[in-house]
Each structure stands twice: as structure tokens, then as C-alpha cells.
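Each of the next two complexes has chain A plus one more chain, namely chain B in the first and chain C in the second.
The block that comes next holds the complex of A and B.
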């Protein structure tokens, strides 16, 4: 009484070019239980879907197989069509004869045979499928944004403006991220802080944004619509409500450590405010630096003595805050590649070899030199500056194979701004290619060359070393084939962009994947660029790939829109193809409990029990069970066995 | 030396106090020297008990029967069952505890130390005696066996007739027990994987033909499965009768159900059975060697299990059955687990 319909798609010539689709349909028509088989040029088109709907109704089909592209693309399309025809959508299955057949084979007869085998297997599977109903889950209408740089700020504002609560978590004492360190931004040369700080203030004043700075995500459990997150709020030892920002404390603090905000070009005290416009506007005691924090405390407490409002509290303790959220945006940004990897360029050895962010600080009016370009070594104005691009990027042998994308543009900006400050100076840029794709970007680079006389040299630098107070740069100009030696006063390295430190740990907590270079992996490189593989977790900014500000902001708004699409719903539906325990086979060994990556299984009265909402149907439990006592619905060992049998022609 | 009197005394104590339901130890078969499992229910029966080098059975296997009995009975007697265990047997108790098959208070354990010897291999003994019939096989002084033949006493060096598994044993002392008899004597097992070193030198295709040859002889009597302390599934995949039957399974589906393995002793089915068993024992087998001992056609099953044991040790640093709190091998995942063997 099985009545299966088989629909074979040509996909233009994508499938039909390699697979004899007519033969596939004809062979499947002969398969026992198949009462309808046809082919069509584009099954996913409206007329194609109508063929399926019509056949279900006319031939009273009880199951449907569509032999077409990967189920990741059109499974939903065809299941919806099946549903429209009055059949349970889980009675429809996809036989992938494109990605797994026509695209990977050349010989038509063999590919056709394989397509027939694949489709037969799926016919045997679908006729054993149960009719299932989606699992429904309520939604917590609140979002978590991790990372308070420009991408996290933008995502938070967008979500909060749409009417949902947002918790913005930032690990450092202030939001603002790397953008707050920049001087001016390409290609318009507007002041970075001037365009950033209004957004930072908006975040701090927004009634629906709860800002948690100096905090880190510690544990994430749950699932889309219902995440449970534990956030560690590190103690700042300063009460921001009492602090009046009088700055008396930093005057008495005896400890000086490198200032992260100035990329180590200056020092800061153990009690500090990261930068004047910091949000929240308050001080933090760096417990690693403060002598009062050690067990063997030299009883210092000088800051507390001078603090008139009594804002300093050495007894502040780390706090764990638990929050429920429906969606998560990860915007953890970037760090520069470890410069110690670049010994040949003398970084760390010579004080006048800087990285891009350090040079930004020299350019910045709020920086260590008040916006004057001076050598860190002798505070003299450098007359010859060499900029080296692709330091650690585009170097698959030794460092990273990818292009860090923003360096071409910021190096042009650096060279240009240098010339604006030092009119009689000369800027050299060593480059591999100039990549200036972006609105007004190409014009910007041309301006640097034509108006500011920046000298671009196509080639790599082999070595930088000091000689007689000068930094000697050995390089080659591959256009003229000449070796070049420049006696420079300063060298600026455009270091590769890396995911921010600790992001791999965070990714593990969130159970989201990293790509081969360590950035967050998107669900689809083209069509789902802001989604992670885990539903409900979205990506924004340089954590996903190197990005400039407009791209990071754009992606943040995209991620916010995706998050809002979840938060706007009262209930979410979840695939019912989840694990099921066959109680009489279960011995309660708990193996499935420990291997489940979603913590969806627990032991109740000596037997495993599946939380259908948490289960993603990955089947790890089923693979680990020695007794077949836990099986994924519609993909049981029995299904698999019958598929194998049908594929082998049994 | 393990004192038999002390063993009897302990069993008597446990039985007369009503602390244990019954006791499983070893007794002689008739008046001979060979040994079988003994079920002691009354304190006065303790005199049946023996402790000799022929006590090779792993009695842990009987806990399966007890578990099933308990599940069957309406008001089961839930007192612990007493067991005599050697070092290797005690490790299999740990695995059962890990897998939550039993709880610690389901079993009362009298552990016996193998000290410098272990249990014998009957074939080796017969070869050594060269046709003579032993009357008694006993533990000798340090590191020897004492065999009585024709009312003569022969002293045999342990390694000459020890079971192979004992020669490679890393646990001659019980790792879990309520009472322990005998001394804890450190013994260097030498190369724990001695028995597989020749096998490991074989090329892949040689190994394949070796196993084909071995498995072609299998009768599918399932003695290996019956004697195994780890084979406790109520339904074995090798039988696969109800493996996918749920409330929703239709009669039609039941009718067309096929099995993973057919119980006919054909080479392909035999290979499938043995390989599934080997995989299911990976990280669980404690090398008690019972499967190999009971095999009527002498398939070297220890070779298969020992190889898996070595893989687990070398790849994942996993040692079976020393710690009841350790998670099962398949449930241990670390990010830095080696992956280069995946091809």
C-alpha cells in the first residue's frame, strides 16, 4: 500500500548535463511502491512545485522523494509544497543528486546509475518516515551582544531601538573597541572618536540596553529563543555611581604599567580610566598591577585615602550574573597579529618600529604625543617613514594566507596624515597589491600618491635593522627589479588582523565553529553571512573576518535584523527529527548523556530521556549507543540499513 | 599466600550475617582438580570453596543473571551478591559501575591477589606434563605452581604454564573490593602487548587474510558473548530482534525487518559479528581472556581485544577499569584528541 512519488529535477543542465534524468525517473517508476515518477527542468519553480502538489492529490501519494540539489537548499521548499497538498511535510525527503552526484562526476552512465541508487535509497527511507509535528518553543524577547566595539554597539542600538531588551557584554572596562583608538577614518578623514562617542553615549543612556563592562561570558546553555547565559562581572573596585572622575587617585597611585589604550606607548596607573570618553565613565583598579590586591599586600590604599566620595571598595568580589536571552550576537572584534613573530622587522627590538595601531595613537590628538608624530625613542620628528603592508598576511608559508583587507586603506591614510603633519617628510609604502575596493577608496589611495607624494614600492621587505641611529630597510622593488635600501627614521608595520584573544574559548562556550584561520565561521559564505551554524547566534564585525568600519556596522545591523526576526516571534518551531529513547533497550549507561553536545539527554529512573527542545538531531547519541537504544526519528538504524540495502541494489 | 580458610571464613561471615544474598566462588568438579563456579547459599556450604590456579573463570558475568532476575521479580531480594574476584575480574566490575549497569552496593567483593602467579592455561599444563594426568594443581611457593602427578609433587615455574593474559597482566591485585586476601606484590608484567607484537608486524592485507582464515572457522556458538562480563545488553545487535520496534512501528515494517547479522556461520556474517563485538568492547574489555578460553575452535579473540586496548591506550591514554568514576572511552572527548588516523 506504499504510494511514493519521485520527482527528478534537471536543474537546467546542472543535473541533466551529467545525469540522464529521464532514465532516473523511468528506473524509479519500476521501483516497488513507486506509483508516480516524473522529471522536470526546475522542480523548485512554481510549476515544478505544482507538479508535486498535483501528483500527491491525484495519485494519493503517501510519501514524496525529490531528486534534486542538497537538502540544505530546497528541503524546506518541497516540504512546504507537500504540506500544501495535505501530506505531512516529514513524508517528503530530498535525494541529493547534484552536489553528491552530477557535480562530482563526469561519466554520464555511471553518474546516472549513482543517481538511481541514491534516489532508491531515499525512497526506502521516506516510506519508513513517521509523520511528525514540529516542536514548539517559547521565545525570550531579549538579546545578548558580546563585544562592545563598533559592531556590538551598532547591533545593540538596532535591537534596542526595535523595542527589545539588550544586554551588552564587554570584557574591558569601557565600550568603544579599537575604533576609539583610531585617529581619523578613511576615506573621509573624519575623527574616529567624534563619530563613535555619540553612539557610545546613546548605548549608555538607552533605556533598553543593559551595559555590562569588565564582564565576560562564562557559560552558555540552552538553544535558540531560550539561551541561558552566565556572565562573570569582574570587580572594578570602584563604585561608578560614587566616582566623580576627579582623577586624584591616579596622581597618588605608585604603580605604572603599559597603557593598552596607547598600545604600550605610554604608561598608566594601576587605577585608571581607559580614555577620557570611556563609557561607563569610571575608574578601574587593575588587580594584576595593584599592590593592594596581592595576598602579601603592601598595604598601599593611597587611592582610597584621597578618594573624597569614598568610591573605592577593595572588598568588591567577582559576581556571576545569570541572564535568559533569545538571541546572541557575537561581535568580539580583532587583535593585531603577535608582533614577536616578526623578528626580521625588529619589532620589540627597536622602539621606532611600530604597528598600525601604535601609529594611530601617535596621530591621535588624545594620544601620547598630543597628535604630533614623534619617534618614541628620541621624540624627534621622523623625516623618512617606511610603511610595510601585509605583515603576516598573505603569507601562507610562514604566517596567515588571507588578506587582512583594511591595511591597504589605513596605510594610505597613515602615509597621507604623516605628510599632513610633516610636510618635508617622505613616506614610503611597501606593498604587494593595493586593494582599494570600496566606495571612494580607490580615489583615496590616488590622493595619497598624487597630492601627498607618497612613494609606493611594489615589493616585500626582507629585513629592518638599526645602523647609526637610522632604521635600515632592505627591500626590493619588483617593478624595476632593483634592490632598495632606505635609511628610515620610523617603520610602521601593517600587522595581520587576528580574531581577538580568547575568542576560541568563547566559541567553544557558544558551540559555534571557527574557520581555518580562527575567525568565526558563518553558516553560508554568501547567503548566510551573519549567521553562525548554531541557530540563534549571529556574527558581526571583525570576529567573522577582517573588516573596515562600514562593513562591520553593516554586518552588525544585519545580525541585529536576524536577531530581531527571532525576538519578534512568540514561539519558534524546531525540527521534530530528534532523538528518541527505546526504553526497553536502554541500560542507562549514560554514554549518550556524556556525548550529547547540546546537553539534551539526562538519566531519569535509570533510563535516558531526551529534551526534544534542546535536541538538534545530530545523532551523536545514536552513534555512541552500543544497543541502538537511542535513535533519531526518521533516521533510525533501520532507516539507514534499508537505505544501504536499496543503494546496493538489494 | 591467599588462605583458603580465611576465604571460607569471610564467606561464612557474609552469609550468616545475612549481608549477602548468596556467594559465587569456585569449587572442584567432582574429585578432580578442575574448577567450576560455585553458588554458595548456606554458611555450611563454604567448605565446597576452593582457590587454585584453575580458577580462571570471571564470575562477574553472573551479575547479569542477577540483574535480569531482579528486573523480573516483583519483590526482588536486593541484597548484594557476593563474588570472589581476581585483579582482572575486579576491573570488569569497575567498568560495569562506570556504565551504571550495577551499583556499588549490588555486589560484595572478596578480592584475591594473584601475587606472583595467576591462573593456568590447561593446554600449556598438558603440554608441560607430556601426557601425564595431574591429580591436583596448586599454588606453590613464590612464583611457582605445585602439580601433583602420580602422587608426586612437581614444581613448575609460573611463566611455563600461566595463561597468556596473566603474562601481560597489569593488575595482579584487586582494584576494587570489600575484603582483600593475599598480599599486594608488585609484579612487572614486562611488555603488556607481547602477544600482539607478531600480529602488528603483519601488513594490512596479511592481517586481513589472517582474520578471514580465523573467522571462517567460527561456529557462531556465541560462547564468547555468553562468557563476557561486558556483554550484558538485553538485546544484542547480533540478534537484532526488536532494535527498531517502537510504538509507532507498523506490522508491515516489522515484517520486512532484516537483521544486521544473520546467525549462519558464513565468513561475511562471522566477520561482521566479531568486528562489531570488538568495537563494542573497545575501552571496555579488561582482558580477562575468557572469550578466547571458551572458544571451541580456538579463535585468538584476545588478539583482537588486546589490539583495541593498545589503541585506546596509545591514542587516548585510556586504561580500562582502574577507576570506577572514569567516563567510558567513547564518552571522553578532548579537543586535542588525535585525528590523524581518520582517513
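The block that comes next holds the complex of A and C.
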């Protein structure tokens, strides 16, 4: 025998003005199983709540319906009151007769009838509710940050400064990311290295940050609060504790390969330090380039011979490190679009057609030319430079449909800095339109035009080819409709920003989604921009979408705050209204496994099994199961059917 | 004069968008006809075809399922499943001879109070001329 109590709130006249609350209570009192029904002017007030508590105790109620405002407002209030009275809070439900009834109707008799129907439905639901306890799990108070660019650095520092341990995994030999390659940064033109290096040092010195460079995430299992991660630490063959940075090794290494830090504009040895400020400050032997590594027949070992501290160790082996973490921040950044796709602009064919990062290296004081702008082909100063924007971006037919967002700004910066170096030179910029939304960004672009005389040409370039030592740029000025031909000395392409290489594999390991363009997908495009769809995994920086430094840093702090909200808890609680498998009905068809948006269901011994921590209780599984073998607790098909019946009065 | 026919409609509203949108219609006092009885579900993706049939067989003159806009689902992709599944249900119902107006799907976000109220207006207006739904109604 069920013993339900119904409490109808007047909400002053908010409900009572259009709904005959006395009649609702009277009608519900007649409903089978309802042993108590009353109305009161403000149910949420202390006296109102006391009425509920008293009735539960005196009438031995086993379930409660409060007919009042939306459950988003007072569900917690009334569930707490229920709990106070010694009844399980999940045996209390709200019938929304204000927002979805009294406030939107005028005719009292009809509104009253509707309120009765709604409340009846909820009575039928609540009497089938089980008593449930919140699901709870302990939290590992440590974070993993993947990617050591400015976003990963910022997230690591924020989390570590708050008192939690951080493991920062970076795949290359040094942290710093692309920011370490930049010369000066828009819109203030401060030197990139100068503002980045202190942060890199802070990371390396931080007592709570464990830095793992030259490492990659290999396997991830577990769930929010309790991830288990396997990290592959690749051998550098140099002991960083012994290395004194004397640089004798690179003088004797006979192998030269393209230097990725200088974007291939220079070469480096097989043993190298990526850049002078690298963290950790140590050398790495590139095992793909070094001939002495695996084939002992041509073993070279020259570096080991000259290394006085004996830092070189050819016997170093890859290592797998297993760590437990409670939250993960993914900050794997970007790469530039594959330039070989841009044959019409002569990239790869002509040495003086560069991409944006190569131009940054030319501008950089620590770059291959010591900060002088010289053509790679003949080391002469270019007098006419053409910058082409939107290369590979905003081109849904051939390349990528999206705007890469930062290139309008860095192109303005490039053209401006070029003029600062070569006063008598001319800079041209081909653009579709200029996107300079951001604090002081528009002013920055104006400065390039007005103070530095950069010539902006609205239009597209169709071809770049070499003629007589010049790069001939063919384009159309769409404002005047005229054909343009510029005989340039150098061409710089603002290549599309792409997610960093290997992103899809990493996303698979983390079980997080990518968007249609391959960037990390956020949980909600507006309201949850730093969360992935997997609870406990957060996104930062250009890995989620093209971003400049301020945005990448801002998002990193946001992701860190979200991660800390988890790490600061001893246990995580989770709504217990999750899916449950009725094992004898389940045939193990796997339908639910494939539709679950949270990968919370797996097949174990031929039956579906729900991970209660991962399950969010959406019920998509239950609608897909042909046998009703998986149901959300307290909102089963049975609950719904009975609600329908009661609402329709039959 | 006989009273005008008042259709009874069951509306399955997802908690995060459409029920919140209906709440907003309330907060903004956007009046609409009282013919719809809302049943809150977690996600439109959890609405099984059975719920629709059940509502019709218990005498609903119309059924509405409303969820977050495609791409905005609180549960990532539940509404995509809803869209595909319920499109089939709709076809089936129409094949059996149910008037298409009687089963409708819509996407209402938490900010679309106006849209929700307009939706109910239109729904009721469309269902009134059809009279009671008898095709699925059980005879008790």
C-alpha cells in the first residue's frame, strides 16, 4: 500500500490566482494511494517545509509530491526537507504548476484541470520511485596536462599553484610550443621568448610539477577522479643531470638534418638542443637521424667521445610510466596546414615562398639570420614582400571552411615588422577581409596601414611563379576589379591552422570527440567551452580551435579551474538516477553500448553493464533497447507509461 | 451551442532545453492554451516510440516531443537519435492513417520561451479542426 502526500503551494497569488489550489488538493486527496493532501500559501517557507516534515512523520508517508514552481528552483529544498523527515530524498518529486501552468493560462477552470492532471502524473511517478543513494567515488588529487605549449604551461602552473600535483607531458624535447618560435607578439610587440622563458623556468622549478618531455600518452583508462594513464618516455640518450650544455657534441656530430625549430630554414645535428632556452636544458639524440644508434656496424659515437661529463648513454631504453590522475587537461596545440597542398603558390618549389612561422624565425633575433630579413635563396634583403592571407582557410571547396582567426593579426604584425627592418621596402597584403576583433587589435592593423604604409589589397592570388629571379604574384583586386601583378622578392603565406599531428589518435585514447574540422570538440559550444564531452577531461589552447596567446592562456586558466573543482573534492558524488540493466532481459545485442554518448556501457559476459560514474542518466540507451532491458532509475518506461495514463485520466 | 472541441496533448519536454524554455515562457507570462500536459524527460533521446503510442492509446489527441536544437544537446547527441527514431515513428503513424498534425517534433532551447508558446498555440489550432483522435484510443 502506497502512502503518498501531496502539498499544493499557492505561491502567494502566483499559483492561487489562476489555479484553484483547494480544488487541486481535494481532487488529489481522492487519487488512489494519496493519504494526505493539503495546500499552503508558501510551501518553500520554513512553516511550509515543516508541514511536509510533520505529515511525513505523522501520516507515515512513503512518498511526497509538492505541486509548486519549476523543479529547477526548489527540488533541492523539498528533497532536503524530505530527508530531514527521515525519508529518502528521491521519494520526493515536484509537479510544476507555476511556470508551466498558472503563469501561462488565464481561465481558472482549465488551468485548475491542467494542474490536477500534471500533479496526478507526478503522483504516479513518485510512488514508483526507489530510494536511492548518491553514487560516490574517491578522487586522485593529481592532474595530467598533455602538451607543453603556453596553454599547457599556464594550466600546469595554475593547478600546481593551487596545491595539487601536476604531470606535464610534452612530446618534443622541450616545452614552450609555438610561442617559443615567435619573434614579437601582437598587439603589443613584446618579445615572445622574453615573456615565455620565465614561465618555462617556473614550470621546471615548481615543486609540484613533474615534467615529462619527449614523452607521449600511450593508454588512458578509468574515469573522472580516477584515470589511469600510461606514458611512454622516449630515450634522449643524454642524461640531463650530467649534461653541462658545453655544446662540444654538436661540433663533432657528422649528421645534419632540417631544424624543425627554424622550420627547416637551417639544419641541426643528430644530437641537438632544440633552442638555447629549452627546458629541460639538455641535449637529445634524434635516433632516427643518428647512424650510431641501432646498426652497430656504422656506429659513430663521436659525441660520446667528446662528452667530458659522460652524459651520453646509448643504452637508454624507452620507459613506460604509469600514473593515476583525477583530471586531465588536453593542450596539444596546432600545426600549420601542410604546405605541399599549396602548389599554386609555389611552396616547396621556390625557397623564397615561406610560411608564417618561417617568417617568424627570420624576424627572431635568435633565428637563422640573427633577426635580419634575408631571402633564403641568396641572403639578400627583399625589397618587395607579398603576404597572402587565408591560405587554406575559408575555402570549403578545396581546403578548410573555417577562419584560422589569428593570421589577419600576425600578417599585420609581419608586414609591420618587415617595415621596421627594411625601411625602404614595400609590403603588400592580399586579404579577403580583415578580422581584428580583440582588445587593441583593430588599432594595431590600422597602425600597419597608416604608420608603416603597408598596402592592403583586397582579393585573391591565383598564382605565384618565378621569373628572372623574382616571384611573380598574380592576383585580382576585387575592389577595383583590376588584375594585379607584383614582382616580389619574397612571398609569405598565412597557412591555415590545423590541430597538431596525432590529435585523432590521442583523442581516441582519451575517448573524447573531435569536431568536423579535427579540433577537440567542447561539451557545449556556448556554455561549456573548456570541457570535453568526457567528464574530467578539459580542453585548453589552440587544440580546441585556432587561438592567439591571450585566448589560449585564458582558456587554460579556465580548464585549470574546472580541473581544480574536481581535485579539491575528496569524493565525487553523482546523481543516482542512472541506467540499470535488467540482466535477464538483456541479450547482449550491444545497441545501448553504441548509442551511449558517454561510453558508460560495455558488454561483460554477454550482458550490458553500466558504469555508474560515467552514466549521466540521459536515457538514450533505454529508448534504443528493444527489450526494455536497460532503464534509467526512477524514470523507467513504466514510470512514464503510468504518468501518461494518470495525466490523461484513464 | 456545443462547447468547442479541446484537444488533449501530451508533451515530452527534455529537462535541459525545452522544459527550461517552457519555464521561461512562464517567467515571461507568455500565455498559451492549457491543452498541453507536459511530462519532463531527461533527453528527447530517451523518448521511446512506446511513449508516443501509449499516449495515443490512452486518448491523447496529439503528442509533442521537444528537445534541444540539433548540436546543442545536453547529452551531446541524444537529440540526433530522437530525430531519426521519431521521424520513423511519424512515418509509421502516418502510414497507419494518423493525421500528421497529431504527432510533432520540435526543437526549443532554454531561451526560446516565445517559440514554445507559439508552438503550443499553433499545435492546438491545428488539432482543433481534427476532432478527437480515435485511431489509437483504446475502448474501455
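Annotations for the structure displayed:
As a convention for this text, the second predicted complex is superposed on the first by the 439 of 650 C-alpha atoms of A that agree within 3 Å, B and C clash if a C-alpha of one lies under 4 Å from a C-alpha of the other, contacts with A are read in each partner's own complex, and residues count from 1 in each chain.
The rule is simple: contacts are C-beta pairs under 8 Å (C-beta built on N, C-alpha and C of every residue); 3 or more make two chains touch, one makes a residue touch a chain.
Treat the numbers as computed from the prediction; the structure is a model and nothing was measured.
By the touch criterion defined above, A:606 reaches chain B but does not reach chain C. Contacts of A:645 after superposition on the shared chain: both chain B and chain C are touched.
Using the contact criterion defined above for the overlaid structures, shared-chain residue A:635 touches chain C, although it does not reach chain B.
Of the two partners, chain B and chain C, it is C that touches more residues of chain A. Annotation: chain A residues 595, 624, 637, 641, 645 touch chain B in one complex and chain C in the other. Note for the complex: chain B touches chain A at residues 99-101, 232-235, 237, 240, 242-246, 248, 252-253, 257-258, 260, 280, 327-328, 330-331, 333, 335. Looking at the complex, you find that chain A touches chain B at residues 1, 128, 130, 508, 580, 582, 584-585, 587-591, 594-595, 603, 606, 624, 626-628, 631, 636-638, 641, 645.
Partner chain C is touched in their complex by these residues of chain A: 70-72, 96, 98-101, 103-107, 110-111, 113-114, 117-118, 121, 513, 523-525, 533, 595, 597-598, 616-620, 622-624, 632, 635, 637, 640-641, 643-645, 647-648, 650.
Contacts from chain C toward chain A in the complex involve residues 8, 10, 19-20, 22-27, 29-34, 37-43, 45-51, 54-55, 58-60, 71-72, 74-78, 81-82, 85, 117, 140.
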